[in-house]
Amino acid sequence: MDKPYFRLTSKPVLENPIFVQGLPGVGNVGKIAANLFLKFCGAKTFAELYSPSFPDYVSVNSKGVCRLPRYEFYAAPMEKSDFIIMTGDTQPSFDDVVAHYQLCGEILDFVDKFGCNFIVTIGGVPIIEEKTQVYLAATSLRLAMEFMEKGAVIYSKGRIMGATGLMLGLAKERNLEGVCLLGATTGFKADRGAGFSVFKFLMKALGNEVKEGL
Amino acid sequence: MDKPYFRLTSKPVLENPIFVQGLPGVGNVGKIAANLFLKFCGAKTFAELYSPSFPDYVSVNSKGVCRLPRYEFYAAPMEKSDFIIMTGDTQPSFDDVVAHYQLCGEILDFVDKFGCNFIVTIGGVPIIEEKTQVYLAATSLRLAMEFMEKGAVIYSKGRIMGATGLMLGLAKERNLEGVCLLGATTGFKADRGAGFSVFKFLMKALGNEVKEGL
Amino acid sequence: MDKPYFRLTSKPVLENPIFVQGLPGVGNVGKIAANLFLKFCGAKTFAELYSPSFPDYVSVNSKGVCRLPRYEFYAAPMEKSDFIIMTGDTQPSFDDVVAHYQLCGEILDFVDKFGCNFIVTIGGVPIIEEKTQVYLAATSLRLAMEFMEKGAVIYSKGRIMGATGLMLGLAKERNLEGVCLLGATTGFKADRGAGFSVFKFLMKALGNEVKEGL
Amino acid sequence: MDKPYFRLTSKPVLENPIFVQGLPGVGNVGKIAANLFLKFCGAKTFAELYSPSFPDYVSVNSKGVCRLPRYEFYAAPMEKSDFIIMTGDTQPSFDDVVAHYQLCGEILDFVDKFGCNFIVTIGGVPIIEEKTQVYLAATSLRLAMEFMEKGAVIYSKGRIMGATGLMLGLAKERNLEGVCLLGATTGFKADRGAGFSVFKFLMKALGNEVKEGL
């Protein structure tokens, strides 16, 4: 394998889907929120992405079956809008920044083929005091205002690291619109509460109500 | 040298050989087991692999003669099945993950030409209590069950790092079958006992009996 | 994105402009001096440079709007000579030296199209005793002498790291002329005084008088 | 600059020259020995090699004039045999092993054009007790024996790191012959004594007598 490749396992029918990305990172907030979203929507996997810039290991499940690290794409045709949800095992190794730009670019190419023109990236942001809060950055001032009115707080600390930030920046470069939602988390351990907060905010912002008991 | 290359020193006649890989790593288990295998089979070297992603040094033997780090391929035509055994001096540098994916891919291309469709990778796994144990991961549930019945323990700790894991994952991506055998080892020093355990298990699993005195 | 690209936002009319570069680095001297220069000249931005070898994050402004890290080019048509001033958010990651050589090369290609044949790079140099001093290196002995007579001190400590040095070295390789001006700074915090010293020296050297109150 | 390039400053006439390489490294032995060789032979520079895998800085001389890091090639037509001597400011960054293999390969291509078929690489080897000793590795047993008889000690510690080892290994891969001479050094500071020992040994081995007073 010498470049990233997508393996399509089925061909979903989606209309101008919103692309939602939640990868491992600070407090694992992105991945947790994406998984909650998957469960809530009854989303179905339709593609996998493999890349030589992912770490050189295999994951082994509880039954001893291995597989390469990958990103997974799920399709969720819903009433108000369709979704492509991406989550994964990892992010490209920190050493290879160029590979990260390329990989994010290829993902944007991929979702573009499905007519996607809005993206949501989810991550975590470390804070000191315990506080349930969803922070926000956007590709435009109008969008930042719109999501702020829905209850998120402007993130103005300067930088959003890794795929959560990079994907939004690259989307903007292509004249796509999108927002980044960051769940406040005190720990570096997996923070299910922060993941749930972001998920709940996103659902509400997109017009769906989520019950606490999920 | 700007890409990996194979130097064939002879052309072995092999029928659907099983590919066995044992490289330096945790407790050096993989390399030790591969070397025991070589000795047991009377295997003969037939190819060398050089790569610019190997470290930038030369090895010098006791007589002062140098050579580049490399992987070596040995052929062992045996009664029950033929083997290609690969061992080596090193693994690609940790910094260059993409190179590692590429190199493993080229090795799979290479052994594919000999009709190989089953692979065994051997490595070590660090454990705290002293225990002779062979852990197992496989490309399919059926294979995991089959080797478990032969006495290995399912490895369900999540990840197998480096070439030992990566090669198995890449093989699976090509619809090859295979297993990874990990010898439990308490130390990071070369662990001959763990290497022997894996070798013995592999021989037995493949239908050969090994006497303790080897 | 898999290679650097320039986005032109307007097309300035410039005659044999001098290229001035001030990037983040020791004491942030380069960036501070470049920003003072921008303000002084009333320079107008006309191009942006994006690169996959920049770090994988986005910057977020106080209103929550994100953008990728980039270099920015400003045009300043002035009485005695025209200027292209470049500043930016970052430098390429230290891991990827080849990318840094390439990026600087592409910048020299870019400014060459505007007829630029003299470059000034600005940086900081850490010193122990507090002293306002501008150090100097040049592409030729004649230039080193000329700027020394204007009040700078020959930098003879051996090496100038990062873009500040590399750009000058690459310019020399193309038979361009130029100087590097280093503001002495005791701290690694942003040193506005050192930035101002270099800016003031540069203005004077180029024949402009700067009032202290800027 | 996106790949290494050679700049020829003159075209020397050489017959089957011996290539001698001495670069910065342990105790700076290689570079010191190469410089002594240059002085002894009255060698004249005829080429420079620049590479984007060299570090991203410029060197500044005592008069403030900068230049990129580079390797320099010197020609020395002598009575018993002609020489190409290479020394330099640096080695490629440790991170980029592939670049190092490529660079050494290009140097071998370059000297091959002059009819070179024997190479000598010079380096240092750290030892604990103070002892003047020249260690030796070679591309063949015959050569190892030949240089051992001339007074060098077989280096059998396993590995020779960096360009000193890599160049010899790559030369062997091309069926060139050569030796590596390592000066024993106790410190990591520049060790002029060790450099002189290797130089003296090399001169003697090649049939020239060197007086102590050089």
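Per-chain residue numbering starts at 1, and chain names A, B, C and D are given in the order in which the chains are listed.
Convention: contacts are C-beta pairs under 8 Å (C-beta built on N, C-alpha and C of every residue); 3 or more make two chains touch, one makes a residue touch a chain.
The structure presented is a predicted model; accordingly, all values stated were derived computationally and were not measured.
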{"item": "Smallest count of steps, each to a touching chain, taking chain B to chain D", "value": "1"}
{"item": "Farthest-lying chain, centroid of Cα atoms versus that of chain C", "value": "B"}
{"item": "Rigid-body rotation angle, chain D and chain A, from Cα fit (steps of 5°)", "value": "180"}
{"item": "Interface residue identity across copies chain C, chain D - same or different by half", "value": "different"}
{"item": "Cα-centroid distance, chain A relative to chain D, in whole angstrom", "value": "52"}
{"item": "Centroid distance [mean C-alpha coordinates] between chain B and chain A, Å", "value": "37"}
{"item": "Two or more partner chains touched - positions in chain A", "value": "95"}
{"item": "Chain-level touch network, classified as line, ring, star, complete or other", "value": "ring"}
{"item": "Chains that touch, pairwise", "value": "A-B, A-C, B-D, C-D"}
{"item": "Complex contacts: residues of chain D adjacent to chain C", "value": "1-2, 50, 52-68, 93, 95-96, 99"}
{"item": "In the complex, chain C residues that touch chain D", "value": "95, 97-98, 100-102, 105, 136-141, 144, 148, 154-163, 165-166, 168-170, 172-173, 180"}
